[in-house]
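Note that the chains are named A, B and C in the order they appear, and that numbering of residues resets to 1 at the start of each chain.
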Amino acid sequence: MASLEAIHTEANAGQGHGSFRTVLRQLRKNRLGTLGVVLVLFIAVSAIFAPLIITHDPTRIMVGPRLADPSLNFLLGTDQLGRDTFSRVIMGGRIPLLVAFVSLGSSLAVGLVLGLLAGFGPRWLDNLLLLIFDTIRSFPGIIFALAVIALLGPSLTSVILVIAITSMPIYARVVRTQTEALRSSEYIAAERSMGAGTNRILAVHVLPNVIGPLLILVSMDVPAVIAVEAGLSFLGMGVRPPTPDWGAILNDGYSYIHESVWLVIAGGIPITLATLGFTFLGEALRDIFDPKLRKDL
Amino acid sequence: MRRDDLTQHTSARPLLEIRDLNLDFGTPRGCIHALRNVSLDVPAAQVIGIVGESGSGKSTLAYTVMGLLPENADVTAGSILFEGKDLLKMPAQARRSLRGDRLSMIFQDPMTALNPVRTIEGQMIDIQHHEQGTRGEKRARAIDMLRRVGISDPRNRIGAYPHHFSGGMRQRICIAMALLVKPVLLIADEPTTALDATLEVQIIHLLKDLQREIGCSVLFVSHHLGAVAELCDRVAVMYAGEVVEQGAVRDIFHNPGHPYTRALLECDPGRIRKSTRTLPTIPGEVPSLLGSKKGCIFHTRCPQAFNRCLQENPVEYRIGVDQVARCHLHDEERLVSA
Amino acid sequence: MLLYLIKRVVLAIAIVVVAVTLLFLMIRALPGDPAAVLLGPRATPEMKAQLHEQMGLDKPFVVQLAAFFGGLLNGDLGFDVFSRRPVADIVFEQLPYTIELILVSILWAVSVAVPLGCYSAMRRNSVIDQVVGVVAVATMAIPSFVVAVYALLIFAVMLGWLPAIGAGNGLWDRLIHLILPSLAIGISWVGYVSRLVRASMLEILGETHIRMARSFGISEWRIVARYALPLAILPTVTILGVGIAWLLSSAVFIEVVFARPGIGALIVNAVNTRNYPIVMGTVLVTTFLIVAATTISDLINGALDPRTREKL
């Protein structure tokens, strides 16, 4: 069967990385990926242009009656304080996207640096950093987040900080593994013998190799970040009222679940669509770029 | 050859008749024609060797007969008559019930062929699912067969896991399993390739003895000519998905009719008489099997290729009592002699 | 076996020690003062100093850390100044509820997901496989608290079939009260585990020993169940060990939504009342749980495979 395997690997080698246009083409072939792109674009556009879309001031109390059903004036009804739910939902999309962008961005930067340090630094530093990564990964997610919030007080900064800390080890590990592999490879030795410094090797050889897998991992972490942000707001530990936020809207709905179903629906659906959209997009990107990249590293 | 002639007279047709078999693999880059017009007979109680380079389709042929092809394989034409019935037209269930009963197989790499999480005992009892008898009887049969293939202390060692055995021992276990079900046709897919030379000889002798004892037919796939010469009655030479020459072992080895067979024989280290510092090789490489081909499949590497070879795919020319080759040279010879 | 076991346990202990140290460092590094937080804005410096002394915060960092480790060894997680009870008592009182919830959730999820994953692998690219695939990704994506609120809305509020809140009394009542919470936690695991089993099953089914089993005409179901599943299940065992962190996170939300007692409800409450010793105790116990679960799943993994079983 050796010949068959050769045929398969040969066939797989044909697919590989492609230009931006081939990525788009492959994304279009992937139906879930297309759905993901559509959902993500929809959410991003509505968040960016939120001030133009909203029909009422999202924080103004008693623009309408309390817990009203949807109507032409109040597209998704009103909440327990008589605020327009539609406007709150549209504005509420800005927070999760902001949190995802800032927290994953800083996490990526820190992870990259620590990963390179672990991969290229001395043995003891590698071991120490690995132990710290493993430790952070065994922190109990939300419970750890709550502990930090207990100390710092509930705020957007606390949420961003917690997410950045807990998502960093995976990125750092990926960078470290890649760096380690490159470090022992012969062509790095050759580069060194030709007098290339560590910085040059890192910039020219290591970075281009790790950045692709890292970005896929980041894109796959976005739905989890949105879920954590919404979850913390749902628990009342995220953004402070009256700032509109999906998790907070869901919590309002939960509190008045016996009186009106609209608030629960209005809070839950956007969270669902956002996590679904980013998940489908992330999975599709992974399938296109790196089928072998494992989700659990 | 006397013995084989006798068996051929007693049974009217060969046990296995492969006729004009064509098989494609669908890949993202196109269709790979892995087998082209393959015809081959396996008479009862004979050992038929299939030789060729890797990628020549010999293993694919073995898997086609067993019905163990991957999903992207597609038999486009031909038939495989086994005991008179076409395997390719049988429902999957009927084919499955032949496996492990009338047909069994030995695989190339004994290190990966046995299930790592089940004991030898469990696996050897499982494969007797076509047979009657209690678990104890099946176990006793398994122990007996292990003893016959040369496993010492089989009564105790049958409870062990595959990783407790060396490669050679594992291949003996695989042979024991394949023969335990008393097949009429045993397919051996390069059973000695993964073993070192001394073990190879032992395994070949073991196979030969057991084949005589049980009286089954064997389809022996190998790229090792020495092993084929030692074990087989007849041999088919495959190149790029085609059987380019077949006939009795003695004829093929002493009077090869196809330039590829000759080249193959010249490259066999075991047959090189002159002392030389460089091993001979066949220049060029096996052509890509993607898409359709015009002319003789071997013409790109053939030292004797002429115009016709580029235009027309040769048919099987009879070049002896029991030897055929797909080479236009024989058509020319016949013309000359006529 | 013994050497491997010792190595694993040493690593686990190292992680717990580093975790405690990191948490301690964090309290020091972050701008908040636990005592000030506890007492509120109107606390006088004398009150703060008194509480500092009571909580041991006036001593040097290393002494505090050593005292804390010393306490840990005796099962002492500190003292809750509000209820005037040891933190350990409070945490371990709530822990069984959470463990019960997690176990029931994971049990039903795995017993649905494993057959589903096997089926998907056997009928790869069939309609059912593709539908299961999409649904699996979707359930993995949707946060458990959203599922929980929806489940509560539909089955408890609108249909009134199942109780909405509490943990129930008596065996039957408790089980009834577990249905919706365990559904909300387990559903994403059905998706995750079924995909995981499918992927590893497909990998195993392509191996030579499976082809060998097929060459003997052994039925496909038997091959999947007896030859492939024992190997295909190994990644799932690992994931379940690691996944305890994820499970505990879900449990926090689920306990709040369904007003169940448990670790999650405890910590949310503690954060709301700024009860820092309880928060710290909960984080420690759950971290310990996670490290223990990861270690145990690693050991189970080794024991399930006869090749590593003897080397252990």
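The criterion applied here is as follows: a contact is a pair of C-beta atoms (placed from the backbone, for glycine too) under 8 Å apart; a residue touches a chain by one contact, two chains touch by 3 or more.
Owing to the predicted nature of the structure, the values given are computational and were not obtained by experimental measurement.
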item: Most widely separated chain from chain C, with each centre as the mean of CA atoms; value: B
item: Most contacted chain pair (by C-beta pair count); value: A-C
item: Approximate Å spacing (C-alpha centroids) for the pair chain B, chain C; value: 54
item: Computed distance of Cα centres, chain B from chain A, in Å; value: 54
item: Chain A and chain C, separation of their C-alpha mean positions in angstrom; value: 21
item: Shared-contact residues (touching 2 or more other chains) in chain A; value: 1
item: Residues of chain B whose C-beta touches two or more other chains; value: 108
item: Chain C, residues touching no fewer than two other chains; value: 208
item: Residue numbers on chain C that touch chain A, as the complex places them; value: 14-15, 18-19, 22-23, 26-27, 30-32, 34, 37, 134, 137-138, 140-143, 145-146, 149-150, 152-153, 157-158, 208, 239, 242, 245-246, 248-249, 252-253, 256-257, 263-264, 267-268, 270-272, 274, 276, 279-280, 282-283, 286-287, 289-291, 294
item: Chain B-touching residues of chain C, taken from the complex the two chains share; value: 207-219, 222, 226-227, 230-231, 304-307
item: Touching residues (chain side chain B, partner chain C) in the complex; value: 66, 68, 96-101, 103-105, 107-109, 112-118, 123, 126-127, 129-130, 161, 163, 174, 177, 181
item: Contact set on chain A toward chain C in their complex; value: 1, 32, 131-132, 134-144, 146-153, 223, 227, 230-231, 234-237, 250, 253-254, 257-258, 261, 264, 268, 271-272, 275-276, 278-280, 283, 296
